[in-house]
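Here come two complexes built around subunit A, the first alongside subunit B, the second alongside subunit C.
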Partner chain A sequence: MGAMAGISNSKSGFIIYLCVGYYLIMAVLAPGFFTLNNTMNLLFNLLPLLIIAIGQTYVMLTAGIDLSVTSIVAMCSVLGGFMMSSDTGLFQSEFAAILFGISTMLLGGALIGTINGFAVAKLGMPAFMVTLTTMILFSGLAIWLTQSQNLYNLPEAFIDMPYTSLLGIPIPVYVGLLVVLVAYFLLNRTIFGEWIYAVGANTKTAKISGVNVPKTIVLVYVFSGLCAAVGAILYTARLETGSPVMGQNILLDVIGAVVIGGTSLFGGKGKIAWTFFGALFMTLLDNSLNLLNLSFFIIMVVKGSVILGAAILNTVLEKSLKAT
Partner chain B sequence: MKWILNKNMQRLLDNSTMVLFALTVLFFSLLSPEFFSFNNFFNILVQGAALAILATGMTFVLLTAGIDLSVGSIMFLVGVISGKMVVSGLPLWFAGVIVLGIGLAFGFVNALFIFRLKVIPFIVTLATFYAGRGLGLLISDTRAINLPESLLKLGSGKIWGIPVPILLMLIVVFLAYFILTRTNFGKHVYAVGHDPEKSRKAGISVNRVLLKVYLICGFCAALGGLVAISQLGAISPTFGLQSEFMAIAAAILGGTSLFGGRGSVFPGTLIGVLLIQSIQNGLVMINADPYLHPLITGSIIFLIVMIDSLQNMRRKKAKKLGLN
Partner chain C sequence: MGYKGLIALLGIFTLFFSCRQPKEKTLIGISFETLQTEYWVASIDALKASCEENELDYLEAVANSDANRQFEQVNNFISRGVDGIVIAPKDAHTVIPIIKAANRAGIPIVVYNRLPALNKGTYTTIVADNYEITKKTVRYMGDLARTSGKKYKAMILIGDLGDTNAVMRRKGFNDAIREYSDVIELVAEVPTEWNQEKALAGVTNALQANPDIGFIFSSSDFLFPSVISALKNADKYYPIGHEKHIILGGFDGDAMAYKMLKSGHLDVTGVQNVYYECDLALRAIMGILEDKPLDRILIDPGFIIHQQNLEQMSTYMWGAGLNSTE
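Take a look at the complex of A and B:
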């Protein structure tokens, strides 16, 4: 059934044209859009979303879904805040605080990912239910641990990180680049990547042809957890606080970015590049609508319409491509 | 004797959600004598009525391998519009008719984009999710709306000694059960979810089936929204948030598959709803720390899905062995 396939197709490269076209239109329409300042803003908003969406892409390629990413962001933000804040004062030196803070966040993300993956792969539980419950569990845990309080007084070097440059490029850009490259390499140049596509295309065939299906599934959820943890590091540094409600509202943006990029919810079809442009499109959309000085609710309505419009345009284009 | 035991064991295994539901009730009953009372069971039914109606509509959509993320937004929009109408002095029945129409309109738009323009249900309903909530926030001016007595009276009113919410829930569940098990349309819903291509070849109008299920889902969301606000004193801007996930969770707990073609409204989805509602009610009854509610709810749902999945795996294995 046509409607079940992804909305985009690698042949048409639709999402790329969409991003470029939208960018050009907004450069004319939205005041202050085409400025260095706003470009930096765009970049900082794009990076965490992109990183989390890349993890989600891995999961969706196996026909799974990870609804727990936002609670992983919240949990990691709280963990990191707890380790690094001078209020808790666990570490004397700033360096040790940051080192242990970041490691704890990554470890936390990987651990929640392991729970998700284990439940899906070894216990045969539906991914939607597993990650829905871990979403409820860990966002509840983050709120309970902090009693709804934010953790402030993070190390200077940590909250300066988004604005610190190496060779003229801010550190978060390196982080984003690293995640993209690793994700691309794993997916396209290793046996693990082949396994992921095989599992998503057809689990039974994959098993028969010798793919270690459970291991693949556990690893994609661990990867998604790690990506969400990296996203949490960027958010926590930027907002200068460990917050138990961090990332609460980005779940549908993350999944939307992956799906609008063209990755199929039913597995086996998707690419890192598609997700990059999907995330870019979602970020452009939010950023430009904010600049147009529209109210919060109009933004939501327009956002919905543009997503739908993009999807329709893509289907129409694909049909005409097929016809010619 | 042994044969009967086996048969009963088999039945038990087939209804593991039901058994787990009974265990949950037992657990809370032991901890709190007030939980196990006729009055409280009535309460659970009243509190669960809105979710049951919502989840019933969702079950239809899930059975066709679709998804409807817009139901929470429909609930919110319906609440805001009917609240505003009743506050401004319009009769209750008029407001009710209007908002049920709005629910149908949302369902119609969802279905139209899905079968006419071939956009995947996830994207379409994600767009209407944003649009609906944005509209609701626009109309309510992001402020809470206090509801008049007349609406609350409906929620606490009784017909033939049965509270109105329970009556509405029973009617909806019974109608859904009847439609799904006793009509041709019901058979078509399962067929489309199982294999849309084959259904088309067998002469089923897939488009018409999809249109009807999204109309049903939109209508149920609006009705569920009405039932929910008739029990609240005010509508906050967060009303209905994540209701779509709770509705999907209830359906899946009741044995409905996200991949279409498998599931039931009765007993399935209804048991799922009662389970979720009993846990929430029980936690209040035993005076659990409110911060712990999501932790316990999440854990119990996780445990139930896990046990169910393990049973499922064992059953499949047994079948395989039996065939060999």
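Take a look at the complex of A and C:
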């Protein structure tokens, strides 16, 4: 048991070794993996996933789960597409279209997060049930609003954003960096961060200690919604399309990234750095298996197995820690 | 060594060994948005077989109907240093950033079976003449209706209207059916978004609202299981010659359609010549690599197959070579 606890205590070390070891092995095995081009590719694939997974980490730290992130991405993509597309003609100026488009996307994400948080914190509903319902509700709403049609003709400056650099660094990297820094600061340097850990570790104790539990829970879901909205901005710009099915298949990757990173499924334990490496590992896995020319079905089996393995390890470690 | 040391080692490793592995053969990246229907499975199999016949190496990736994943997979192909890309995209617009990525990398890209929306990129599209094939199919059905001397109420199952193929098939249907306004009245348009469940619900509802529908065109053969299920529930699924037979037409030429033609339940279907299209796609890539001038769109004229020419044309029908259960 002591050994198990030792491993758990060095969770961050474990996921870093896993990423580095996997990277080195794939550098030898997967042709084209070890190139500058592919490194950039990995970075761009990582960013939206990382941002959404950071929001999910906040929620899981409070022992909750946000299954609605996929529908938030879809809904925000549609809202942004509607505001920005020249087909709808809401704005004459490209700048105004982008400004209002991005603002609407962020507002939409925060609003859905508020609904989730309110239902979980104030109504006492299980997070799984609430977010599963809002996932279905907002996915359906996105499809109904667009009649299943994509929204095109977005402003040039918006769709060029992924390829535009400031001081030699592409804009999405700044966006990712900003989210990581804000998430890290809030979690590690503010009272709000302490409340999140306290709520996840033991709600009753947190309440007795004076933590505003409902407020904390609402805010983590709002943060998750905002992160999903930022992810939607990157996806929408990259695909040059506002789509009602955007992000439909990323839930496994998002939750997988957080769980593989080592954030406890039972709340109270987890770090932004762990999620970073969890998301990196998911991205490495997808990229390398693709380069190895494995079939789609095998890739799904491998990814599913890895996430299941991580979840089992997570649970075993949690139980062993409680036993010691 | 701590993890910081490992990361430093990784950096050094990347710096010194970041080079592409030499390739012996021409490498083609094949990216499909889905393998959900027999048509896509037959297509990817035919492409791989053509690659092997022409001694080309290939990489394959399937995006599970996720445009973002397809974008990432094509970027992976580019990292791997493919010489050409054949892509069956999710829709006409999300393929545009993929075309741009291939163009930026200077890699020829051939878009298979779905015409991209208007864009400034460099690409070649291989596409069946959806409009003409549908028009011929529906005209054949219309002639059957007129010959019978009866009046018909008609239904069309429409695909995903974000897909140019679905749009052109609908247009072909509408233009053809207009020529038969004396005997055919269109009473139901069922949106399916290329989804079996939506098709089943839509056809069931339409048959309840219009129990006398006697003429059905499905924009894809892969929707026939839903059509058959709804028709059986309404006691309307009978072979040609039976008084309750509904004039039935489709598009694609899959194994189900072949079986229905053989059993006499299907009157006609428009066939996309998968083998021809796949061969054309690879020849297009090779042509671009050899700097040969190519048209932006290469058309597969396709053909229609019906009870009269079934024996003669089934050799060219890709679905005839597959097994299917009705």
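Keep in mind that, in the parts below, the second predicted complex is superposed on the first by the 292 of 324 C-alpha atoms of A that agree within 3 Å, B and C clash if a C-alpha of one lies under 4 Å from a C-alpha of the other, contacts with A are read in each partner's own complex, and residues count from 1 in each chain.
Throughout what follows, a residue touches a chain if its C-beta (ideal position, glycine included) is under 8 Å from a C-beta of that chain, and two chains touch if they have at least 3 such contacts.
For clarity, every value in this text was computed on a predicted model and none was experimentally measured.
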(request) Could you say whether A:67 touches subunit B, subunit C, both of them, or neither, answering first, second, both or neither? (result) first
(request) Determine, under the contact definition given at the top, whether A:260 touches first (subunit B), second (subunit C), both, or neither. (result) first
(message) If we overlay the two complexes on their shared chain A, which of subunit B and subunit C does A:296 touch? Say first, second, both or neither.
(response) both
(message) If we overlay the two complexes on their shared chain A, which of subunit B and subunit C does A:178 touch? Say first, second, both or neither.
(response) neither
(request) Please work out whether A:119 is in contact with subunit B alone, subunit C alone, both, or neither, and reply first, second, both or neither. (result) first
(message) If I apply the document's touch criterion, which positions on subunit A are contacted by subunit B in one structure and by subunit C in the other?
(response) 295-296, 300
(request) Could you pull out which subunit A residues touch subunit B in their complex? (result) 1-7, 67, 119, 123-126, 128-130, 132-134, 136-137, 139-141, 143-144, 147, 252, 255-256, 259-260, 265, 295-305, 307-308, 311-312, 315-316
(message) So in the complex, the part of subunit B that touches subunit A is made up of which residues?
(response) 65, 69, 113-115, 117-124, 126-138, 142, 196-197, 206, 245, 248-249, 252-253, 257-258, 289, 291-295, 297-299, 301-302, 305-306, 309-310, 312-313
(request) Could you please specify the touching residues of subunit C with respect to subunit A in the complex? (result) 3, 6-7, 10, 13-14, 17-21, 35, 59-62, 64-69, 71-73, 75-76, 78-81, 91, 93-94, 96-97, 117, 160-162, 191, 193
(message) Going by the contact rule set out above, which residues of subunit A touch subunit C in the complex?
(response) 13, 16-17, 20, 23-24, 27, 31-39, 41, 44-45, 148-150, 152, 159, 235, 238-241, 243, 245-250, 286-287, 290-291, 293, 295-296, 300
